[in-house]
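Consider the two complexes below, in which subunit A is the common component and subunit B and subunit C are the respective partners.
== the complex of A and B ==
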């Protein structure tokens, strides 16, 4: 089939979101089922794209408007994008099902539109091959995220959203200034052509613009000095949205960072920026884990844990070696599964028992055994116990860091992992060994999703090879810039 | 005081750093890699006389679709956050007679001019976004002058959705006819208006899309105004 049909990944969520005002008269239920239907179709398209890319081994280049890059904008759906488009679509599909139960706040139709556009933004960020187009999709993601954070209309939600909005706004402006500098220095916005021209950029310009762009993306990617919004936003947002934040919104930011970093790897001053990113990532791990230790609210605790994991991914992506990037991608996949499971379970407890404070989790093993079981699997996996998926990706990251001579990073990250074990074991202890309670009826659909994710965690833990190969291919997609440039059918404009 | 001084100093450092970066970008030198291509080919390839609209809608139409979406999210977000079961305008001071009569008289002219801007996007400066914003100011004027005025909310919402779908649909027709999403099928496949460059009926799908964008932006900004001016009232 024609590869251009992959543009439906963008067109479908868009047209469906615009369609929602026309069906809102049919009532809340209809809107929620419509949301499930659209995300299911998106999963189908993403699955087709994934099969297409991995069976041919060639990326799909979508050329919007039929113009060859760099005149037009192209989407580059290589191994990485194909993999993550599936993850985005699947996570959205699961969360659409979860939303049917979790979202009671009015107006549901607006929620559905923002939900679809958040999915669209993340898909676009991952797929685009144009640096200004990346900015546009980043804005789509960020602005729908601001609105969805404040969706519950409580005081703390408004505060969290405001924080996020101000930081995100500043970050986006920096990103835009960086893009303007790059355009001024090279005269093109296409990533492939930028990679070709990167070596010839004036050293100061390259450094300033790269630093500005990375700085702008760090806000979205939740790295240390600029992630103060994240725990508040995770806690205040509706439960399905929290899952989407940690499963793919932050991943899209991280990926964009890695992509731009490696595109410009020929520029001078590049090594300084990667070093800076490794330091920021390590600090994120440490600060995240230490903050999680003292939390009394489980959702907030997992939010801090999620931030710490993101720091680990950033470290891996910034190591500057092929192993590091592949390991980072592998951890992105695993983290998406594990955190989706944990936030789903916590959110489900939150809506069933009214709140996510630690007290609500006492005796959960007796009251909601299925939820408690899947949460335990998730918690054990995050700690990096062997035979669970995160173990393999953490090992890969540590090996890659050793290989890149960052021993101090390894020491600090491992120390932080001990802290992580402490608070997760405390959570498991609270769930299974304290409190009493009656059995509560658990929702079948949500239980099935949780169980599916839990089984996936164990499956990857037992047979990591298939997913490791996938991640290696996806990592090569980011790391091997020469191949990337070769794949994009650049027309000879000016060069 | 100390805080302020530190802020000023760090801002100066950042400013100096940015200036260093800017100084490295040669000013006035020809850096038009892609830009020159646009200028050389815009007439035959898109049929538009206005190069900016050709780039924005045709060559880089994907970005514009994204920007339209950003605006849609903004209006949806405002709608979601300010949603209450019963909301009404609670303004108390009616405008003066001069203001009311003036607003009534001006309203059709502003709407007409807004429509002119977006219909002539491929010929004159402007396009969908300025045209839509102009139309929204006409509704803002009515809101300011009349205490009880409200836009037909439901209809506006539907029109906004339909206009957005229209944009994506034009793109999808391009995918079906030309094989590419957002392909300009009116110009590149049908060659419609090829002898007409520089006149109203030319430039392929640019006027079609700009009309859709103008309608969409106009209804969207009016909707935001409407949402922000209403207050909650008791049952």
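== the complex of A and C ==
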């Protein structure tokens, strides 16, 4: 089949989102089933793209309107993008099923539309090969994320959403200034051509624009000084949306950051920016873990834990070595699975028992054994216990950081892992060894998803080699800029 | 000698940033965000300006060589729409916030913390 069909990854959610108001006429349940159907088709397309890219070893380049880059906008679906569109689609599919149960009272048609647009934005951010197009997809993701955060219409939800909007607004303005400076210096917006021209940019311009772009993306990627919105948004947003935030919205921001960072790796002053990012990432890990330690709300606790893991990924991606990038990608995959499972289980407890405060989790092992079991698997995996998936990626990251001579980073990150173990063990203790309760009937569909994710965690933990190979290929896709430029058929206009 | 357009655009961005950081009223913060977006748009458009050329609409007497750079204009058109969408979104959230909290002072809007 022609590779250009991969543009359906963008087109399908967009068209489907426009059809939601028509489906609305058939009733609330129809909208929910429609959402499940569309995301299932998206999983199919993503699976086809994944197979195509990994079996041929060549990236799919989609050219918009048949114009060669850099004149037209191109989508670059290499090993990384192929892997992550599958993750985005799968997470959306699972959350569409979860939404059927979790979204009861509010207007479902608007929810479905925003849900599809969030999926579209994240897919576009991961697939695009044009820096301004990246901005547009980032804004699609961000605006649907703002709206979905405020979806519950409580005061807290509006407060969280406004915090996110103000920080996101500043971030996107700065990103745009960075893009303007890069365009002014090179005259192109295409990433491949930017990579070719990066060496010739004036040192000051390169450094300032790179710093501004990274600053803009840091808001989306939840790194330390600009992540105050994240725990609020995670706590106030509907439960399925929380999963989508931590499973792929953050990942899309991190990926965009890494991509632009390595595209401009020939520019002077580049090493300073990566050093800054390593520092920010390490601070994120420490601040996130310490804040999680004193939370009384389980959802907020896991939100902080999610932020800390994101810091770890940012450190790995900014190390500037091929090992570091591959390890970062591996951790992104593992973290998407684990945090999807944890937020799914917490959200399910939240809608069944009314709220996610720590008291509701007492005796959960007796009341909802299946949910409690999958949460335990997730919690044990996050701590980095051997034979679970996160262990392997954390080890890879630590080895890569040692290889890049960042011993102090390794020491601080390991210390933070101890803190992490403390609060997860506290949660497990609360679930299994305190409280009494009657058995509550658990939903089969949600239980199946949770069990599937838990088994996936254990499977990757036992056989990490296959996924490590995938991550290495995906990491090469980001790290090896020369190959990236070679893959994009530039027209040879301009300089 | 720095161009007056660049100076003006950067000043607008800084004024907007100042308003976001210093003001206590939520609506004033949103006005600051809008000012910032305007500054960014002005900067983008002035990057594409070529002294002495006309608008990039090809017509009689105006060939491709007499037009300014059309790309930043496409970018700005997109950015303006995005800015308006964000502002509309933020204003509707501000309405809900005022209904639930009875205030727009950011120091008093602090129910989520920890």
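In this text, the second predicted complex is superposed on the first by the 495 of 495 C-alpha atoms of A that agree within 3 Å, B and C clash if a C-alpha of one lies under 4 Å from a C-alpha of the other, contacts with A are read in each partner's own complex, and residues count from 1 in each chain.
Please note the rule applied: a residue touches a chain if its C-beta (ideal position, glycine included) is under 8 Å from a C-beta of that chain, and two chains touch if they have at least 3 such contacts.
Just so it is clear, the structure is predicted and the values come from calculations on it, not from any experiment.
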### Query
So, A:139: does it touch subunit B (first), subunit C (second), both, or neither?
both
### Query
Per the overlay, which chain contacts more subunit A residues, subunit B or subunit C?
B
### Query
With the two structures laid over each other on chain A, which partner does A:186 touch: subunit B (first), subunit C (second), both, or neither?
first
### Query
Is A:153 in contact with subunit B, with subunit C, with both, or with neither (first, second, both, neither)?
both
### Message
Under the stated touch criterion, which partner chain does A:480 make contact with: subunit B (first), subunit C (second), both, or neither?
### Response
neither
### Message
Applying the document's definition of touch, where does A:296 land relative to subunit B and subunit C: first, second, both, or neither?
### Response
second
### Message
Taking the superposition on A as described, I'd like to know which of subunit B and subunit C A:124 touches: first, second, both or neither.
### Response
first
### Query
Just subunit B (first), just subunit C (second), both, or neither: which does A:352 touch?
neither
### Query
Should A:321 be classified as contacting the first partner (subunit B), the second (subunit C), both, or neither?
neither
### Query
In the superposed arrangement, does A:265 touch subunit B (first), subunit C (second), both or neither?
neither
### Query
Intersection of subunit A residues contacting subunit B with those contacting subunit C?
132, 136, 139, 143, 146-147, 150, 153, 177, 184, 189
### Query
In their complex, what parts of subunit C are in touch with subunit A?
13, 16-17, 20, 26, 29-30, 33, 36-37, 39-40, 43-44, 47, 71-72, 75, 78-79, 82, 85-86, 89-90, 93-94, 96-97, 100-101, 109, 111-112, 114
### Query
Can you list the residues on subunit B that touch subunit A in the complex?
17-18, 20-25, 31-38, 58-63, 65-67, 69-70, 72-74, 76-77, 79-81, 83, 85, 157-158, 160-162, 164-165, 168-169, 171-172, 174-175, 178-184, 188
### subunit B partner contacts - residues on subunit A that touch it in the complex
2, 4-5, 7, 10-11, 14-15, 17-22, 62-67, 70-73, 106-107, 110-111, 113-114, 117, 120, 124, 130, 132-133, 136-137, 139-140, 143-144, 146-147, 150-151, 153, 177, 181, 184-190, 193, 202-205, 207-209, 493-495
### Message
Per the contact definition, I'd like the list of subunit A residues that touch subunit C in the complex.
### Response
132, 135-136, 139, 142-143, 146-147, 150, 153-162, 165-166, 168-170, 172-173, 176-177, 179-180, 183-184, 189, 232, 235-236, 291, 294-297, 300
